[in-house]
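The following pair of complexes shares a single chain, chain A, combined with chain B in the former and chain C in the latter.
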Partner chain A sequence: MPSWSNFQPFIPIGLAAGGVYALSGVGMVVLYRATGVLNLAFGAIGAMGALIAWTMINTWHVPAGIAYVACILFGGVATLLYGMVFGRLLAARDPLVKAAATLGLALLMLGVMNRLWPAQVTRSITLPTDNTAFTFGDASVDWTQVIAVGFGVVMTVGTAIFLRVTKIGTAMRALADDREITATLGVPVRRVEAAAWFGSGLLAGAAGLLLADLVTLASDGLTFIVIFTLSAALIARLRSLTVTFVAAMVIGLVDNLITPINSITNFRDMTPFVLAIAALLFFSRERQYSFARGGIR
Partner chain B sequence: MRKHFGWRVRIPVAMLVVAVGLTIAATGFSKTSGAHAVKAAGLACGLGTGQKATGTPIKIGAIAVKQAGTDFTDIPNMANAYFQCVNDNGGIYGHPIVQDLLTDQTDPGALAADAKQLIETDHVVGIAGSSDIIDCAVNSAYYKKMHFNVLEAGIAEQCYSSPAEAPVNMGPRYSADGATQTAIALHAKKIAFDQSNVPGTQYNLGGSKLIAKAAHVPIQFLTEDAANINGETAAEKEVQAAGPGGAVVLVFTPPVALAILQGAQHLGLENKVIWTCATPCNTDFLATALGSAWNHKLYVNAEMNLISQDNGPNSVLYQKVLKLYGSNVAGGIGSFSQFGFLLGQLAVKGLLSIKSKVYTPQTVNAAFKALKNFKTDFLCKPWYFGPLPNNTDFTVYPQDGKMVLVPKSGCLPISTVDPLVKQVRAYEKAHHV
Partner chain C sequence: MADSNVATRSRSSLRAAARLSRRDAINLLVVAGGVLFVLLALPSLLTPYWVVTSTSAVTFMIVALGLGLLVGRVGMISLGQGAVLALGAWVGARLLFATALPYPIVLVMTGLITMVLGTMIGLPALRVSGLYLALVTLMLAGAITVVLVDTNFPNGGSGFLGYADQSTGTPPSIRRPSIAESDPAFFRYVVIVALLMFLLALWHIRGKPGRAWAAIRQSEPAALAAGVNVTVYKMWAFALASFVTGIAGALLGSASHVLYAYTFPTSQSIVLFAVVLMGGVYTLFGAVIAGVLLQVIPGAFTVWGIPSEWATILFGVGVLQVLTTAPAGIAHQLPSDLARLGRFLFGVARRRIPAGGRAP
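Let's turn to the complex of A and B:
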């Protein structure tokens, strides 16, 4: 069994990954509660935003800061466009159909990315905080990792506050509780949904940028990283932001802490599935498992 | 009053517009082709006549892997770029070469069907330019049965043992041997060998295991999910496995290697161990992406010469062909496109050697099999149709955004501790290669 010094370096890596999964998970849960759509294209949108940022920096020689903003805005706009067109068309369909439609979007975007940005070319995004590492015990930590964790915390807390104290946040919670009554009360449902799509998309763009730096700038890898986010959201039963955050951090940590254990390191990819299944079985055992939209906590 | 045009008017007008558009496009294309032909005149591609070949096409097949994390289509695409240059220079005595390329996603069933489609349905007369993780494993027996002698950039074991296959490259196993030898030469105390967990890659570590054992250097083998690589996690794992004074041998495609090396840099690990890599890392794209922080820190086993430091005729022609015809060679200058270029040249040499000028599977494959003593500045030794003709190569490292030859490294013979290398050297000695 590896020693503590072998595990230590994987803690900041795991926490950073978990922070970004939490960021994405919050976006996914809020969108689901407000619109009933489980957005499986979350990763693909972030990936395309990151590739656009890469092109802006390396081909068009745009300042990096502007490219990063463009990446995040692309996430917001692309998600909003999808929501306003297909979200509306599929509003009356059941959640499985809506989720499958977003999977279609993910696959379409993946095809476009593979065409426009072929895999053979080496690409990377380097944030200014990347090469400023400091030591914490036996672990080397860079400021990008700190930002990833911090951003995850800030967005989780910030979103929870937003949902509690702002008018539009209250409207989103009302939509999550009961869409028909909310509409009857004169809440501008379409506008609230649009806000949810756009906000969720901004988080997709931000997550894509951070993951492109922390993990890899590859369309396939970034698209399917949504699996980690989805697992965190499922463990939270697509309801609780706090549980989403904790689950995401646990998934990120466990996935990385397994790495130095030679006997199971090759099974790391199973981490999100195993944890999600274990959590869901546990919840169903306690009869708390429910598909109903019961509000955002 | 506005006049409205019914469908009886609109449809013919639309057809007219489409026809005019197509004509303009065709004119533009032929102008472009014409421009290509003008530029191609004087290039030493094939016969070098500067005249476009317009006869019956000669169909040459190829299979390449194209999936998440692994895309080798640059190899056949560059071979085809050379074919296009040849076609603009008289072709094969007036016959243009047409490439029939099929891509694969490491699916044995589909791969077997692809080979059958090429030979029995599409009726290619030869196969040149293939590069697939498992093509040789799945299809070499079939190629032998159908009397096809395949020119390829090999990966699987069968590419280097089947009499129906002849690789221009060393492949990941022997290139990894070279990277391991370099790590040992740099006094590594332990080696961590890391590669993709794609099926069929176990073969790659065999030679490094023997070489490390012969040098009494411990070696540990790791794998990664290349399609979902986390660079920082992989880099930390490798450095821990290598230990202080150790070396890491990477056997990955450039995007995956870049993710790992950048992950190492984020964690301040670039100076903790010796970093070496097999041939795929030999690309200026990688050197540029890594930046000056990696100057002289990543030793890459390069199976072919460094284009930027070689003004030999093949190197010069390669760059011209890449520029003029290689728009779909995404990786640009680097080992993969060099493999493709050499494969194209070999195929053309074989075709031009057919005295009867009758191009059938029998004549073409006999010509491919008879290829020998092909001298090129890409390789340390002349190429011949055989199991491992490229067994001596170069070591390079990044310097300010480019890959450069490690000074005084010369041509590095791959160790004869690896059994096939020993066999091949004995063959070459006996036949004065």
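Let's turn to the complex of A and C:
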């Protein structure tokens, strides 16, 4: 068994990853609550944004700051476009169908990414904050990691306050409860939904950029990092932002703290699956059935 | 008076039944003719490349059958069938290396073991809502990829994993049935296995489980109120799908003789789901189309020199199109579009040839 000092370097890495999963999770849960769409293309959108930023920096020699903003904006615009077209077409359908449709978007983007940015080339994005680091105990912490954790915390708290205090946040919460009644009360449903799509997309872009720096810039890898976020969202039962945040942090930490343990280090990326299964076993004690109309409609 | 009414009604329902059975008979004849053509003539008409591609297409028809059953009949979405297929391929390869048992017995054993494993994984999710099952199975797809990269597929090595590092030389191949060693013979063998799997599925759909699944798909609370044991029948569907997928996995190993972890990426599960939706989940014919889409289209793209990513893009667009405009998939759209085209052409021809006259 490795000693405590072996684990220490992985704490900031785990916390940073957890922070990004948390901000992705918040984006996903808010969109799900407001529109009923669980966006499984969240990772793919972030990945494409990051790849666009990479091309802007390395091929077009655009200042890095503009490329980062473009990455985040791409996330927002792409998600909004999808929401405006397919979100509307599928508005009355089962959440399962809405989630399945986003897989179509994920596949489409995956195909486009592999076509435009072949996987054989190794790419990376290095944020300027990577170069300034400080030590904390035995661990070296860089500012990107601090930003990731901070961003996760700020987005969770900020979104919770936004949903509670602002008019549009209240409208989003109302939409989550009942779309028809909310529309009857005169809430501009489409506009509120558009705000949710755009906001969630911005988070997808930001998460993509951070993950491209912290983990990898590969289309497949970034697309399926969504699994970590999904696990956190599932543990929160697609409802609570606080639980999403805590679960995301735990997943990020556990996944990285396993690294020094040789016997299971190769299986560390099974963490989201194992934790989600454990959570489901815990939920199913209550024998909760979904009384939404089942099936594909 | 009332008696004569009843008699008329029963006579008309008998006539309807006779009409139905005539239609069934025509369908049966067409299917039987198609299967006979595929079994007897097709392998000799195809080049070796297309025999191999067709073998994988038929194998993936079995996988699509399992997934189609879950999505179309029960209304459950599993995004991890690619992972279940990989499980089946692993178990099949391990059994084929470890034992000298007759091939059909190994196939059934593989199906049963995969069934137990698949159901165990799906069980916690089956008791909560459908969206959770989709998420957990997607995570399963990711998790199995992680495990496979570490364990690799059996290649005749010793121990439980049956893997030996053979960086030099060719690894021993996963065996095929002794009656079907050649590619065309194995193609025929796979077609017969697929036929049996389709019959197994049909038997379930026509029987009590099929009725229970239909009830669950319509409304879970109503099914529950009608006395259907929702969890058991959902698990049953999951078990059946895992069983057939496991068998397909074993066939896949024998078809390629050697298996690699990278041939089962996480994205395969998503692509599988996409083609099953595109094929159509409400008829068994949809599974046939799905198999063709998944293997023949990329195969043709390779021959024509079109980059393979276009297939992924096509499947992505296909999912969006199916879910927004044609939920019954190509299996339903194709015949109705052909009929519409036929009517259109007939109409054009009628306009060009005036009644009783010659063409102008």
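One rule holds in what follows: the second predicted complex is superposed on the first by the 285 of 297 C-alpha atoms of A that agree within 3 Å, B and C clash if a C-alpha of one lies under 4 Å from a C-alpha of the other, contacts with A are read in each partner's own complex, and residues count from 1 in each chain.
Rule of thumb we're sticking to: a contact is a pair of C-beta atoms (placed from the backbone, for glycine too) under 8 Å apart; a residue touches a chain by one contact, two chains touch by 3 or more.
Note that the structure is a prediction, hence the values are computed from the model and not measured.
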Partner chain(s) touched by A:G104 [first = chain B, second = chain C, both, neither]: second
Chain B versus chain C as contact partner of A:D269, first or second or both or neither: both
Contacts of A:R123 with chain B and chain C, given as first, second, both or neither: first
Which superposed partner A:T166 touches (first chain B, second chain C, both, neither): neither
Which of chain B and chain C A:L230 touches, first, second, both or neither: second
Partner chain(s) touched by A:I277 [first = chain B, second = chain C, both, neither]: second
Greater chain A contact set [chain C / chain B]: C
First (chain B), second (chain C), both or neither touched by A:D142: first
Residues of chain A contacting chain B in one complex and chain C in the other: 220, 224, 266, 269
Residues of chain B that touch chain A when the two form their complex: 68-71, 73-74, 197, 222-223, 225, 227-233, 236-237, 240, 253-256, 258-259, 262, 265-269, 283, 285-286, 289, 293, 330-332, 336
Complex contacts: residues of chain C adjacent to chain A: 71-72, 74-75, 77, 79, 121, 124-125, 127-132, 134-136, 138-140, 142-143, 146-147, 149-150, 216-221, 224, 230, 265-267, 270-271, 273-274, 277, 281, 307, 309-320, 323-324, 327
Residue ranges of chain A touching chain B (in the complex, touch as defined): 2, 6, 9-10, 13, 17, 118-124, 126, 130-131, 133, 140, 142, 144, 214-218, 220-221, 224-225, 256, 259-260, 265-266, 268-269
Complex interface listing, chain A residues touching chain C: 38, 40, 86, 89-90, 93-97, 99-101, 103-112, 114-115, 220, 223-224, 227, 230-231, 234, 238, 266-267, 269-270, 272-274, 276-277, 280-281, 283-284, 287-297
